[in-house]
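Scrolling down, you'll hit the structures one after another.
Same chain, two partners: subunit A is paired with subunit B first, then with subunit C.
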Partner chain A sequence: MVNTLPDILLELKNLRTKFKTFDGEVRAADGIDLTVHKKEVLGILGESGCGKSVTALSIMRLIPSPPGEVHADKMELNGVELQSLTEKQMSKVRGNEISMIFQESFSALNPTFTIGEQLIDVLMLHQRLDRGAAFHKAIEALSLVQIPAAAKRLSDYPHQLSGGMRQRVMLAMACACTPSLLLADEPTTALDVTIQAQILELLRWLQSEKKIAIMLITHDLALMAEIAQRVAVLYAGVVVENASVQNLFTKPLHPYTQGLLASLPLLEAECERLKVIPGGVPNMLSLPDGCRFHPRCPHCWQICRQEEPPLFPQNGSEVRCWLFAREMK
Partner chain B sequence: MSSLLEVRNLKKYFFLGKGAGKEQNGVVRAVDGISFTVKKCETLGLVGESGCGKSSAGRVILRLLTATAGEILYEGQNIEQLSHRELLPYRRKMQIIFQDQSGSLNPHLTIGNALGEPLRVHRLIYRKEELKAKVEHLLELVGLSPDQMCRYPHELSGGQRQRVALARALALNPQLIVCDEPVSALDVSIQAQIINLLKELQQKCGLTYIFIAHDLRVVKHISDRIAVMYLGKIVELSSKESLYARAKHPYTQALLASIPRLTPSVRRQPLIFSGEPPNPLNPPAGCHFHTRCPYAFARCAWEEPLLQAVDFDHSAACHLLDR
Partner chain C sequence: MANRFLRRFATLLLSLLVISLLSFTLIELSPGGAMARYVENPKMSEADRARIAERFGLDKPAPVRYFIWLRNTLQGDLGISFMTGRPVLTEILERLPATLKLMTVSFFISIIVAIPIGIYSATHRHSLADNLASACSFLGLSLPSFWFGLLLIYLFSIWLGWLPAGGMITPWFDPAAYPLLIRPFVIFWEHTRYLLMPAIVLSLSNISSWSRYMRSSLLDVISQNYIRTARANGVPERKVVYKYALRNALTPLVTLMGLDLPVFFAGAVVTEQIFAWPGMGRLFISAAGNRDYQVLMGITMITAVLVLLGNLLADLLYSILNPRVTYEG
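Now for the complex of A and B:
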């Protein structure tokens, strides 16, 4: 795949998000580097507790402090360092430049206001529209996400809508101010397959037609294959593999990625037993020494137990595994 | 293979707003006349979108909910009519595991106590040492170490809790286990472990499963036969091979087409149908699916299709089959 490098939209270098707890310090994100290019879908893949949501919330500066603490060497959106912005400037960035949707569409919407009121609020605040203009823009936003009879829906409360509809409203709200980056945190996990397919279609349309870059956070490998262009695989707070989606599915490099792919039941073939990754995700309070994955890794050797590997470049991908160290071979 | 469980025209209606001083203002036909048989040692998959009645069906079969109508024959005995006392021996033979593993374990009980409880309730084991040995055996059976006995549920991970829930279900040597979305709340790498465990135990203990799920990948892997439900009715019932190769009902076809593929080069074709499931309080007349069906014609709107055989061990409910 020949790809002229599009411009960089978001650059994240060495993101470290820590939480102080009674049991000790949890490093939920422990040196995460990510780049999102304009108009692309970057997938963030990982199991629960690997730091994928924390990464998104850190970018939005929505981590409460205390107990959280966010540091990054670089967190630039369109060349603007987000960490240096004041709270007031940041709230302009949220919604206008970056917006976010969540898995739980029900708790993300306010149950005591109609969706119209909530949408109009967003538009009045971020775009400085008057109520009338915001009202028309809200209808437009709802029809954009293919909600039938949008004008009528404005006076509905969140509980009157189905899960799929609520997720559409969330999307409408997130995209009402045409941000350049949409952070989608497990947007389809709570939905049925048929509805999930519809929302995916919508995300794909927003990306190709509205030129919104999407950072899609999910644990679902198949979703990645459907929509992402590049994928970053997270494990216990670090990126273990960075690859184009083709590379990730045809030649996964990191033993963790390989294990994940092998553990999925296939539609096309029959097998008696699924291959499994032994063990479970490590406790973030007591991470293993060396490579974080080594207790579960089938290829583990001496150095894996002692030293944490850096990201090694390999055939256009990057992988955090000693197996790919040049000088070791 | 003989049949273990037979369900005949089972119905479960929920009446809304019925109660003291209230007018009845609606009926949800959660399960609306389903019939199927489950053979010994096989796995019947029950799939459908949320609200289609698959969980209600599972619970009615175990008599955790009372059926509105219909028969549940367990080894030929209609358990629908049995009194609480008469039902007890059957309770031992039928168990259930749930999706939410932390909600299904009592947070105040240690794992050992939780596993011992069914044995004490059914008065199978009295002596302490015997109970301890049995609990240890159960933990080993599901791949946990016996020293987990003194732990509390919150000290375990999600996967381990699901193993405990499974061990508790196995405590009474059941024949039938209803698995209500047992892996959907687990991480991908843990899902595979639990699925393998379920399959292993099925062979080791001769278990029969009713596997309720919405993930068609997982269902395909674990089931022998599959029933597809839509708004309280079974629209297609078939052996797994036949269903995935030659789905007859447009709804099944749509479900299968909605599964995201794992090959990024072959991305999905445009959707063949849109819309959301209708309100179960007020389902469409005729074929419930006709409002979303791309092939619907006049007859679908007024006449309800019945399940008819289309192949060996494969039946579907659709008017297209008559054309």
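Now for the complex of A and C:
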């Protein structure tokens, strides 16, 4: 399965991102391993607070420190260890090789500068263009994300645009320099459904035509099924399941993933109560011993309370659950 | 836009009317009265006093006098000083330039010192320099200006003998006595050495409050999502702070500066008294001591006009800095 996508773009090993708070240390990412291959869409699935955004921001090296503290055994983009770069080198990587878009399209653009000013700045920074050339490139970038009358829009301020437009402008800024990896942090969450579909279409186009690999962070299973090739399911700061999108939806392995899928409302089903995963997301200040999911798990047994499971390979997927330990032998 | 400023102008006129009524009432209510200084004079008969009162129109009841004052003022006549017998407007206009010179210089000193301190404190939060700036601004806010002024005079005029203790210019200063080549420098220094101490005293509290305000405002902006976007697009930190964050952080400061104009006028009254600066503030104090009510009213109104115009200017500047404002009018 892994061999069908041979070119590794981003390799993340044992990412640990901690925040020092007054109440104690929060381990927002607690040993996350991820691999993104060239030109693929990797979905990161998980509930709020499970470490999705923190992982993306850690890769961008945008975790504010203090209180944040990021350490990974390996964080390589195209074979370059990102952690060893100086801040200056890193700012050349950002926007040029890795870009990120955010869910808050209302607040993610600077209200006191025009769209053009912000876009042209990014282009001039990374592509050594003069203002005139950057201006034309900016129009091109806006047209790429299907903004009508792009030249006119350049002199608009963010508050003059709709939410969907702003998200497109963000995409245009992020992809203006054709990065090899785009981190999309819930890019459609704040948008209405028709706009969501358009943004999704754009992301798909960027991936297939511009060959931009996308790490799509979402809690939206439908969106994931639409666009991702592989999915990593996160729970309380660790990856609990790595699978192809087909495997994930047809044969979910981890009890948490199964619970997530079971909680989806189905159109053809009888009108009954939606299934929920009992319990809530664990307090990140005091994680349970053993498997982090065991207090909510229907299959919990002795060892789950005592020891944290490693990732077990299973039918081309990987799953962090003791249920699959026997099959390893 | 035009409508908005018409409305602002109407409010300005109304404010002036209310200010005039309030200050007239307050002056009327204060003990003594304009005739007080003649009461103890043994060489004056009752008839003399009555004649004086009649001449200045003080024999009429207060409400009548207010309307007479209002009518004359609207025609540009602020009345006659009880003390000198000269027109109030002439007296004020003689003193106004000195006050404006002192205030303008203090205003720019405040801006030039406070903004860099604020920026440095915000970008080096909790550093030694930040803590020092914080301690100094508490000190600066708590030092009474009359005490601080006397301290400076003691240090630089009496002890070190570097700067003159008071006044605005040496009466026998003659630029023609210096060679043409160095004459501009001599003139500059002659003005500066008299200005330096009063300007510093007058700036002290504003430097303190504005630098703290700049710090918190910039910190607030730096934590915004659009700053994260700029960083994620690879904008280097210097540019993030000085271009993208600064404009947003300056907008509330501009409003504060407008609101702080009365502080300058109030401060000038004390500062001018300490440094024998021949401005409006000293005129005000001597007028208050002499119960020269026409002059008091005149200065109050001129100050009110200047403060309100300053606020209008701050508003205008605010809408330039913040493009969203114009659309709310």
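One rule holds for everything that comes next: the second predicted complex is superposed on the first by the 322 of 329 C-alpha atoms of A that agree within 3 Å, B and C clash if a C-alpha of one lies under 4 Å from a C-alpha of the other, contacts with A are read in each partner's own complex, and residues count from 1 in each chain.
By definition in this document, contacts are C-beta pairs under 8 Å (C-beta built on N, C-alpha and C of every residue); 3 or more make two chains touch, one makes a residue touch a chain.
Keep in mind it's a predicted model, so treat the numbers as computed, not measured.
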| item | value |
| --- | --- |
| Touched partner set for A:Glu104, first subunit B, second subunit C, both or neither | second |
| Partner chain(s) touched by A:Ser91 [first = subunit B, second = subunit C, both, neither] | second |
| Touched partner set for A:Met165, first subunit B, second subunit C, both or neither | first |
| Residue contacts on subunit A - larger count, subunit B or subunit C | B |
| Which of subunit B and subunit C A:Val276 touches, first, second, both or neither | first |
| First (subunit B), second (subunit C), both or neither touched by A:Phe249 | first |
| Touching partner for A:Met60 - first (subunit B), second (subunit C), both, neither | second |
| Subunit C residues within the subunit A interface of the complex | 224-237, 239, 243-244, 247-248, 251, 321-324, 327 |
| Subunit A partner contacts - residues on subunit B that touch it in the complex | 49-50, 157-160, 187-193, 195-196, 199, 214, 216-218, 220-221, 244, 254-255, 257-265, 267-268, 270-271, 273-274, 276-277 |
| Subunit C partner contacts - residues on subunit A that touch it in the complex | 60, 62, 87-88, 91-96, 99-100, 102, 104, 107-113, 118, 121-122, 125-126, 157, 159, 170, 173-174 |
| Interfacial residue positions of subunit A with respect to subunit B in the complex | 47-48, 162-165, 192-198, 200-201, 219-226, 228, 245-246, 248-249, 259-261, 263-267, 271-277, 280-281 |
